[in-house]
Structure formats: C-alpha cells, structure tokens
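Here chain A shows up in two complexes: once beside chain B, once beside chain C.
After this line comes the complex of A and B, so read on.
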C-alpha cells in the first residue's frame, strides 16, 4: 500500500525563480489497484511519480510504502527501488549497453541477483513485453526500432521484479498498435502477477476502460480523484484542466441534451455502441436518433 | 542530485535591472578591460577596491547575493589549489615551517593575490553571463571580435559555436539529471567506490548522454539547413544592439575604477 500525504515539492527552492511543482497532494493506493494519473503538460505528474520511489525528496509531506516512510533517515533506498519500478518518460533514451541482454540485466544486477539467475529474469521480462529472447538478446539496443527500444526499456524494469509498476506516459509517441500492445500487456501483467500499476497518460481514452481510479492533477494539486465513471460525469472540471471527454462521451452528452434517455458515463466505444443500441431498440421501429 | 543547481555559467537570469539593460558589446568590452586590469593590481587596497566594484555590480544586477556566491563554489577547488601551491612553493622570507613544508611571506602574499584574481575573474564573467541573454552575448562577442575578421579570424563562426555551447549547457545538465534518475530507478549507484569503480559507474550515464547530444547536434544542423543558414556573410539582424547614455555611465564607472587604482 502506498500513502502519499500532503506532498509538496518546489524545484530550486532558493533560486531567484523557484518552481512550485506540487502542493499538498494526498492519496492512497491499495495493493493491486490500477491507477491512472492525468493532467496537462507541466502539471506535475512526473514530479509526483518520482517521489514514490524516492528519486525526488518532498519539500514537505511524506510518502509511505507499506506503512514505512521511505524518506526516513537510514531507510534503504534499494528496497524502495526493488519494490517500486519506475518506467520513465521516453525510457528508450536510457539504454546504454552493447546488447539487449546486458541492458535488461542492468537493473537485476544492481539489486544483487547473481549471474546464473540473470538469463531467467531477462528472458521472462522480454517475453512479458512480447520480445523473443532468442531473436533479441544479442542485438544492440541502438539498432532497434523506437517501439522495440521502448519495450526493451520496460523489460529492464520488469526484470527487477517490482510489486508496483509506475509508468510515465508509456505510450507517448507510439503508433496505435504499439500503444494497444503495451496497454494489453500491462493488463495481463496485472492479472497474472498481481502488480499494482500507476500510469501517467495524456489520453483519457486509454485509461478510462482499464483503471480502477483516476487522479486528475491541475497545476500541482490533486483536482479530482474517483472511478472513471465518476470522473467522466464531471466534464466541466475536465475541460478546466484542458482535458476533453472522449468523443463517444461527447456524443452521448449531446443526445442527452436533446432529451434522449441515455447514460452518459460510457467508458469505451463498445459501451457507447451498446447504449445506443439499447436506446434505439427501446424507441421501437420508428425511433430515429 | 540536481546538477543544474550548482553551475552558474551559461545560466542567464532574466531580471529587470540596470546591468541587464546595458549593451552587450559594452559589457563584454568592460569585462575584458576588468580582466586585464586585475592582473596589474597587486595591493590589498587595490584588490579591495576591485571586489567592492564587483559587489556593486552584483547589487545593481538584482541577482540575490547568496545565489551569486553559491555559483562561485564551482571554482573553489581551482582557487584552493592555486592558493595552496603558491603558499608552499614560493620561496622567500620564511615565516613558518614544519618538516619539509615552509611558508614564506612572499608565498602568503602571492597566494592571496592569485586566488583573489581568479575569484574576481570568475565573478565578473559570471556577472556577464547571468545578466546577458545568450543571444545578446554572442551577438556582442561577434561585434567585439569583428575587427579581427580583417585578418581572416572566423568571428561569426566562433560566436555561433559559443551560442550553441552556451545554449546547450543547461539542456545537457537537465538531460544528465534525468538519465541519472532513470538509472537510479534501475538500482544504479553513482556514489561509492574507488576511482575505477566510479568511472565504470558513469558509463550508464555517459553513453545515453552522448547519444542524445549527437542526436541534438544532428537535429540542430538539419534545422539550420532547413532555414537556409549559410554562415555569417551578409546576415542582418532582427534586433540591432543599441548603446545609450547608460552604457556611457558604465564605461565611466570602469574608467573611474581604473583611475582610483592608479591612486591607491
């Protein structure tokens, strides 16, 4: 369980231009939950998630993992890094080894896994992101395509066997198929391994049908938090943070405005279609929408 | 670990002050003059005067004093080494000795003098880069160096290289910070170990950093090509540098300092 309590962070606090990136953010993440974090560019999402595995220290407030304050003096940093895997924004930029194998093994090696355990960890991690060990392990990471690099980088974190996985815009800059593939694999991971997942994204569409809860960040504060259905109903607040509800929700809202009895909290195109079918059937043969 | 906190050079702070408003050419020329003058100053009073002048500059620039001083830490090592070497190696009238170490009166003087000069040099240069936008800075440099183009000196190219270097210092620092964090998230440890261990632990930082620097350079070159950049010939400027009476005041102030230094 992760508890974030009154977290504030100021970059360069004593420079002429300090930057208050977070103020008084509080929330709790239960084990096994899938959390989506949404907000405009510059709202503080990256700053927030970097606190959760102690890459940044709070200016004030606390982060508790399994009841322990990870910023307490003497708290073993490696424990946090082992428990909580953080995939950075554009993680492909941190590949550096000569081969995919070495790069994926970098994390586990730092955590003290021995040489004989590494091949197993690496091949498991690569297969979790859908790359074949035999085809990829001896290639240079720099010779891969952008999407493959991204997957190798994610594998580098998965190989450390974290219990909580935080991903900072894992689908940014990928094509729709690559995006779907990553999201799908994450869901499978969650089911198979019971991972807790926190995912930062700009796309409400990709979070809505998957996550248990959404956190909406605005200018460093937690504006809204709730289930996707609760959030999607508050389209005005979403508009305020520069997020538009997905087009299918907008469609349902327009229909409701015109007096049609539809639910407006659909989370995916499929649900929307089902809702529309239901309404059309209910209207009988002559019912035109 | 926030590297960008620690290094001042190339970090322009846009404030609204008298020093900020001065013409970049004038500021550069004055910094050059001051850098030469400091090597002719060899008395305590003279040094005091110079530092008082620098302090005046910092105050006029509205840059928080402690922020400025913290930036000086970068060269603390250099200053200390200079001071220690001069302290022990200069021979003269011995004032203190212990085993093979001796300190002479001349040593003390020279070591104080040298480290003060270094500090002053770094101080005025920092003041210049803190109060002048990189664009104005290189524009100014190009103008100041212009006479040398007559003998084939590539002033424009030099200025361009300088702009790019200055422009990318903060970017690369931020990048380094990001990569460091990303590798720390993978359990990397950048702190402990001997020299060899330390050098080895830097590989995960340096390789991605170089890769991204080369990418950036490539992109920049393409972007410049795409905008038909073809060197400095016949280029005009959107913002012409202009001098006004404020710049005259600045020149007079420096002249005043020079005169005073003659007197004391």
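After this line comes the complex of A and C, so read on.
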C-alpha cells in the first residue's frame, strides 16, 4: 500500500522565484489498484509520481510504502526502486545499450542481480511486454519501431520485478496499434502479476474503461478522486483542468440536452452503443432510424 | 507550393547497409492547404517532413519549395523561413530563458528592426495564448507549455507553411485544442499551409486532405471522408478509425441503419436522427 500524506514540493525553494509544484496532496493506493492520474500540462503530475519512487523528496509531507516512510534517514533507496518501477515519459530516449538484452538487464544488474540470473529476468520481462526473447534479445534497440522501443524500455523496469508500476504518459507518440498493445499488456500485468499501476495520461478515453480510480490534479493540488463513472459526470470540473470528455461522452451529453433519456457516464464506445440502443428501442425505432 | 517528385531516402545502418525510409514519393502541397499525414511508427512520416524544409535532401528525386530546389544550398534560408517546423519534443527547440526571448530569437536572427520584432512576438504570443506569461522562465514550463512556445517561435517567422511533426502528442486536450485552433486561424486568416503529422484520427478529420504513408510509400490519399470510408483497409494499414466512425460501425453491427460516414460528433448527431 502507498500512502501519500500532505505532500508538498517546491522547486528551488531558496531562490528568489520558488516554484510551488505540489501542495498538500494526500491519497492512498491499495495493492493491486489501477489508478489514472490526469491534469493539465504543468499541473504537477510528473512531480507527484517522481516522489513515489523517491526521485524527488518532499519539501514537506510524507510518502509511505507498506507502512515505511521512504524518505526517513537511512531508508535504503534501492529498496524503493526495487519495489516501485517508474517509466518516464519517452523512456525509449534512454535506451543506450547495443542490444535489447543489455538494455533490459541494466536495471537488475544495478540492483545487484548476478549474471546467471539475468537471462531469466530479461526473458520474463520481455515476454511480459509481448516481445519474444529469441527474436529480440540480440537486436539493437535502435532498429526497433517506436512501439517496440517503448515496450523494451518498460521491460527494463519490469526486469527489476517491481510490485508497483508507475508510467508517465506511456502511450504518447505511439501509433494506434502500439498504443493498444501497451494498454493491453498493462492490463494483463495487473491481472496476472497483481501489479499496482499508476498511469499518467492526457487521454481520458484510454483510462476510463480500465482504471479503478482517477486522480485529478489541478495546480499542484488533488482536485478530485473517484471512479471513472463518478469523474466523467463532472465534465465542468474536467474542463476546468484542461481535460475534454471523450467524443462519445460529448455525443451523449448533446442527446441529453435535447431531452433524450440517456446516461452520460459511458466509459467506452461500446457502452455508448448500448446506451444509444436503449434510446432507440424506447422510441420504438428499433433497428431503423 | 511544395512539390516532391520521386523522392527516395535511406539512412545508413552499419558500414554498407542502408535502411530505406522513403521509396518514390510524389505529390504536392498547395498553399493554404491543411494536409494530415498518417502512418504507423517507422513508416517514414518524419523523414518526409524533414525533406520538406531541407533538413534532409532527397537521395534521388527532387523537392521544390516555391520553385527552390532543396538541394540548392543558396536558398536554404529562404526555404527554412517559408517552411517552419514544430517537432514532437519541444526541449530541443527552445534556446532562450524566457518565453518572450525565445519567440524573438528567429526574427532577431533575420536582423529585423526592433519594432517589427516586437510586433511579431506580440502576435505570436497572442495566437498561442501565451501573452500573460511572456516573462516566464522556460525552465518552469511543462512539456506541453514548451511546445506552445515552440509554435509561437515558428509563427514569428511568418512562414507560408508550418509542419507539425506530432507536435500535439505531448499536450493535454486543452492545449491540443489551442494548437488545432491556431492551425485553423493560420489558414483562415493568413493562408498558411499546414502539414500535420499525427497518430490521432480525430485530428486528421480536420484536414482538407489525408496522406497515408506506410513503409516509405504513399498508400492512400484523399479527403478524410474518402480515406476513412475505406474502414477495414484503413485498419489494415495500422491506423484506426475516428471515434465517431467506430461508434457508427458498432451501431451498424447492431442493425442500426445510419446515413453517411459520420466523422465528428455533430455529424454523428445528425446521422442518428434522434
């Protein structure tokens, strides 16, 4: 379990222009939860997630992982990094080794895994992101497609066997198939490995059908937290944090405004179809409109 | 106008081998046109973009910008000024310490009088919604905000074309809307041509014309309606259908007869006839 308690962070606190990035943020993440984090660019999402694996340390407040304050003096930072894997924005820019194997093995090697354990770890991590060890391990990361590189970078984090996976905009810049592949793999990781996942995204439509809970960050504070269905109903608040509802929700909202008895909290195109079918049946229009 | 004729390009991998990126592209981009370029990662879209303002020159074939051959280095700066470029990652594009200084960098390099520079900066900031933050430190900005500064920097050069190489990728939906709105105004108010390279189908439907690149070749082109009407064909090229068309497809499977090919929320609302 992760407890973020009254977390505040100010960049350059002693400079003439300190920048307050987070202010009194508190929330709890249960083991196995899938959390979506949204908010305007610059709202503090990245600053927030970087605290959870101690890349940044709070100006005040605390981050507790399994009951332990990860910023306590003498707390072993390696233990945090082992437990909590953080996938940066554009992680493939950090691929630098000559082979996929060496890149994925870099993290676990640093954590002290021995050479004989590495092939097993790398192979498992690659299969978790849907890449075959035999086909990929000796290839140069630079010969891969954008989606493949991204998955190799995620595998590099998974090879450290984290229990919590934090991803900062993991689908940014990927084509539709690459995006779908990553999202699908994350869901499987969660189901099969029981991983806790925190994912930052600018695309509500990719979070809504998948996450248990959404955290909405506004100007460094936690504005809202709730299930996707609760959150999607609050379109005014979403608009206020620079998030537009997906087109299918916008469509339902327009129909509601016209007086049709539709629910506007659909989480996917598929749910929208169900909702529209109900309206049509209600109108006795059946299959012909 | 930009024309490209039989353009080939490849990247060296190792000592002898080369990786083909573009294989015989031909076509044109008209002044004031809004062209969306789609294609999977690695299809050659970015290479294509870099050839349009002489960041790369063709291995064989020709690219002409207002008649200037991009291989002729004597017109390099005319070409670069006429065809501005906004990249995916704004970190590599910003040079100064405040927003205002960064946007002024291009016009200053042209040696324009201070008044003209100021007017251009003013206008570029206004169009990108950054006027209130002009003295903000670049380093204090998020990735999305930096991207808006990069766009403002290009605008200050008064280009005839702006190429957005996945420039909306890192932005939140509000900033995406600001950029897309800026794109619309650029065309409508100033006749600036736009080439938008994107993975988002809902952005592509805004264009006059879509070019689908795959494996270094032009696989499809036409209006958004023409391209997305092809449904299964579009999917087979690694692309997706715009969300409203996905919805229409599922509704039709349920036996609902919808008229036309709804690409936007309004069009869908109309097609439903509720």
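The definition used in the following text is that the second predicted complex is superposed on the first by the 284 of 289 C-alpha atoms of A that agree within 3 Å, B and C clash if a C-alpha of one lies under 4 Å from a C-alpha of the other, contacts with A are read in each partner's own complex, and residues count from 1 in each chain.
Simple rule for what comes next: contacts are C-beta pairs under 8 Å (C-beta built on N, C-alpha and C of every residue); 3 or more make two chains touch, one makes a residue touch a chain.
As the structure is a computational prediction, the values presented were derived from the model and not from experiment.
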*asked:* One more residue to check, A:106. First (chain B), second (chain C), both or neither?
replied: first
_Superposed model, chain A: greater residue contact from chain B or chain C_ = C
*A:236 contacts which: chain B (first), chain C (second), both, neither?*
neither
*Is A:81 touching the first partner chain B, the second partner chain C, both, or neither of them?*
first
*Both chain B and chain C touch chain A; at which residues?*
11, 17
*Name, in rising order, each residue of chain A that touches chain B in their complex.*
11-12, 14-17, 50, 53, 55, 78, 81-82, 85-86, 88, 91, 93-96, 106-107, 110-111, 142, 156-157, 160
*Can you check the complex and tell me which residues of chain B touch chain A?*
2, 4-5, 13, 15, 63-64, 66-67, 178-179, 181-189, 203-204, 207-208, 211-212
*Which residues of chain A touch chain C in the complex?*
11, 17, 19, 39-43, 46, 89-90, 143, 145-147, 169, 172-179, 202-205, 242-244, 246-248, 250-251, 254-255, 258, 260, 269-270, 272-273, 276-277, 279-280, 283, 286-289
*Could you pull out which chain C residues touch chain A in their complex?*
13, 39-42, 88-89, 137, 140-145, 166, 169-177, 199, 201-202, 238-240, 243-244, 246-247, 250-251, 254-258, 264-265, 268-269, 272-274
